[in-house]
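First the structure, then my questions, so here it is.
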Amino acid sequence: MGTVPLLSDEEVSADALAVFTEIREVRQTDFINNFWRSLAHDPALLRATWDRLKVVMAPGALDPLVKEMLYVAVSTANGCEYCVHSHTAAARAKGMTPEMHGELLAVIGMAAQTNALVTGLQTPVDDAFKE
Amino acid sequence: MGTVPLLSDEEVSADALAVFTEIREVRQTDFINNFWRSLAHDPALLRATWDRLKVVMAPGALDPLVKEMLYVAVSTANGCEYCVHSHTAAARAKGMTPEMHGELLAVIGMAAQTNALVTGLQTPVDDAFKE
Amino acid sequence: MGTVPLLSDEEVSADALAVFTEIREVRQTDFINNFWRSLAHDPALLRATWDRLKVVMAPGALDPLVKEMLYVAVSTANGCEYCVHSHTAAARAKGMTPEMHGELLAVIGMAAQTNALVTGLQTPVDDAFKE
Amino acid sequence: MGTVPLLSDEEVSADALAVFTEIREVRQTDFINNFWRSLAHDPALLRATWDRLKVVMAPGALDPLVKEMLYVAVSTANGCEYCVHSHTAAARAKGMTPEMHGELLAVIGMAAQTNALVTGLQTPVDDAFKE
Amino acid sequence: MGTVPLLSDEEVSADALAVFTEIREVRQTDFINNFWRSLAHDPALLRATWDRLKVVMAPGALDPLVKEMLYVAVSTANGCEYCVHSHTAAARAKGMTPEMHGELLAVIGMAAQTNALVTGLQTPVDDAFKE
Amino acid sequence: MGTVPLLSDEEVSADALAVFTEIREVRQTDFINNFWRSLAHDPALLRATWDRLKVVMAPGALDPLVKEMLYVAVSTANGCEYCVHSHTAAARAKGMTPEMHGELLAVIGMAAQTNALVTGLQTPVDDAFKE
């Protein structure tokens, strides 16, 4: 259904399989979601994407659940169906409650609305906001 | 510079001024940023936007700083210059450190990248992610 | 300030000048806005764009003011600063009142908000809406 | 298929059911489309969205059909499949003919094209367009 | 499944059929893809779109394969599922190898990421880049 | 003017300066454009972005000029002013002629237009295009 077929463990290259193995270890699950199975057509792109994602989504100054909700917010604004589904699921797995989900959606909707209003008004940025 | 002029306190209607007064009370500052001064051309739209924003951004299941960072994420994905500036400033005022800002940007950038990869690949959504 | 300089009447090719002449006749003004002056670097692209715009924006089943407001709506959603400015000005020139402008912005903002909510919810399309 | 299940009348809260009742009265139909059934997970968000939509889409300086076509324009630019379907259906129900639909699409396509050209050229806004 | 039904050769107008005939001749295939079958509801829009596409995608200073990959890039950034599918297929038909596809996706992903970072940072344009 | 100040060579950390040195070597110029000077606030993000960009934009199955034009296409679709400017300049430095620029813009505009038409029509993807 994609622009490339999904690759099974048997079909991917050794380099791609090594990434799958890492994903399984880090996530403590045997499940490899379709994103990685499509990316596996290009093992170097798969490796670079996974290596970076692992670092970016790790606990840091922001906690992993906040990062997943930020991911949902960006994915929603960009209209990425797959990403909205996968990161909403990930946020839930990390503790997002229905109340948090409702507030997440409300903020996303509010931001989309005022983004549009500001753009329609072409409001100039206040000096106070500039560095 | 906008598609409508910015209105001073003297130029707005009584209804719009009442909204300005509420904003000043809630935010504990005399400063009214340009967004509200452009919206004031339509006092009903100003009122509806403020009334809703006040509710959506209030503390709840998500804390106000997380909400501001979500707002920055959506505004960045939507390419809204004004909103990126104003909500980055608001997030800082609510405690966003440079480290948090760096991680916020890293997540936004990562999400934009994988959103694009998934869209280019047209990866089908895993059954596991569907409700 | 653009990625190409703006061309004056003296600098454009004969083909581009012929388009400028048509724009002046159709719009009954000597003013050629910057969009055409940047496009004039590629006279064939200038010609194709003008020829099509003239047809699309002409009175038809929809009146020209509605078409200008639709143009503002799309340009706002696409975040095109230049286009929001130029088509808001054009809509005003065709009779858009401040009340209409306020309602236009309110619809644009509402649509942006519910677009975002639907995308975050990934609501399936009702059978009733499909052809 | 969404990120939350669709709720039937039997599954929603009393607050959500009250909104459904209002929608049925205003629209003079028993049909509640999926958007509201997904939003019903968060009765406060459902209420706020419906209350605002009702006001924004009511007859005013712009007529309801024009508002629906503006909604289609924004939804198309934002790539919202559900919204394009639902508001195209709503526009037809309010009188949009095939000719009007064709012109609507032509304006949306033209705007998308010139938005892109202007952005690629980074054409500076004419002083004449600024307030 | 669309907002208009797909029209068969038997259902389209004579004007629309003439466009189909041209498409078949230029592309040396009997296959008319769904885009044209939906557009055929508005023969004038069909004609204008085809006439322009034919010119824009013809060999010129850029070769047709590069043009198809540019089309994929824009369609991906705009989140157009249909267009990503059809132009990826067209690029393959014109010689895009799996290696080229991988690099195309990598550039699209990288650009999306740095677009987002720049927007979040609101980095001012260097004087050196301005015309 | 950004959400963070631009950092001079004297202000950046040793890690960030090391990236600047690599950029200067690879690009054979002393000039460090503003993007890197804003990113330098987060040396790890700067390093990850530069390391990846260097790989993605290197000659491969696609030549560097094609990659720059793809970057312009994505940046235009995403409405990133800075990126359109910087990558148009980079494409010119790598040999993009005015004719190629004109065709690049024409393809970007055409794609934006048909993306919008397809989305408005919600045309279903042809089976022939699916993998």
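Letters A, B, C, D, E and F name the chains as they come in the text, with residue numbers starting at 1 for each one.
Rule of thumb we're sticking to: a residue touches a chain if its C-beta (ideal position, glycine included) is under 8 Å from a C-beta of that chain, and two chains touch if they have at least 3 such contacts.
In this text the structure is predicted, and so the values were computed from the model without any measurement.
Enquirer: On Cα atoms, by how many degrees is chain D rotated relative to chain F, nearest 5?
Expert: 180
Enquirer: Write down the chain pair with more C-beta contact pairs when A-F is set against A-B.
Expert: If we tally the contacting C-beta pairs, A-B comes out ahead.
Enquirer: Counting shared numbers against all numbers at the contact of chain E and chain F, is it over half, same, or under half, different?
Expert: same
Enquirer: Just curious, how far off is chain D from chain C if you go by their C-alpha centres, in Å?
Expert: About 21 Å separates the centre of chain C from that of chain D.
Enquirer: Go ahead and note the Å separation of the Cα centroids belonging to chain B and chain E.
Expert: Taking the mean C-alpha position of each chain, the two centres sit 34 Å apart.
Enquirer: Averaging over Cα atoms per chain, report the distance between chain B and chain F in Å.
Expert: That pair's centroid distance is 26 Å.
Enquirer: What are the residue numbers in chain E that touch two or more other chains?
Expert: If we look for residues of chain E contacting two or more partner chains, we find 1-4, 45, 48-49, 52, 74, 76-81, 84-85, 88, 102, 104-106, 108-117, 119-122, 130.
Enquirer: Spell out the residues on chain E that touch chain F in their complex, using ranges where they run on.
Expert: The touching residues are 1-4, 6, 31, 33-35, 37-39, 45, 49, 52-53, 56-57, 60-62, 66-67, 69-71, 73-78, 80-83, 85-89, 97, 99-100, 102-104, 106-108, 110-115, 117-126, 128-130.
Enquirer: Quick one: which bits of chain B touch chain C in the complex? Just the residue numbers, please.
Expert: Checking each residue of chain B against chain C gives 3-4, 41-42, 44-45, 48-49, 74, 78-80.
Enquirer: Write out the stretch or stretches of chain A touching chain C in their complex.
Expert: 72, 76-77, 79, 81, 84-85, 88, 104-105, 108-117, 119-122
Enquirer: Please give the residue numbers of chain D that touch chain B in the complex, ascending.
Expert: Touch list, chain D to chain B: 1-5, 48, 52, 55, 130-131.
Enquirer: Along chain C, where are the residues that touch chain B in the complex?
Expert: Where chain C meets chain B, its residues are 79, 84-85, 88, 98, 101-102, 105-106, 109, 116.
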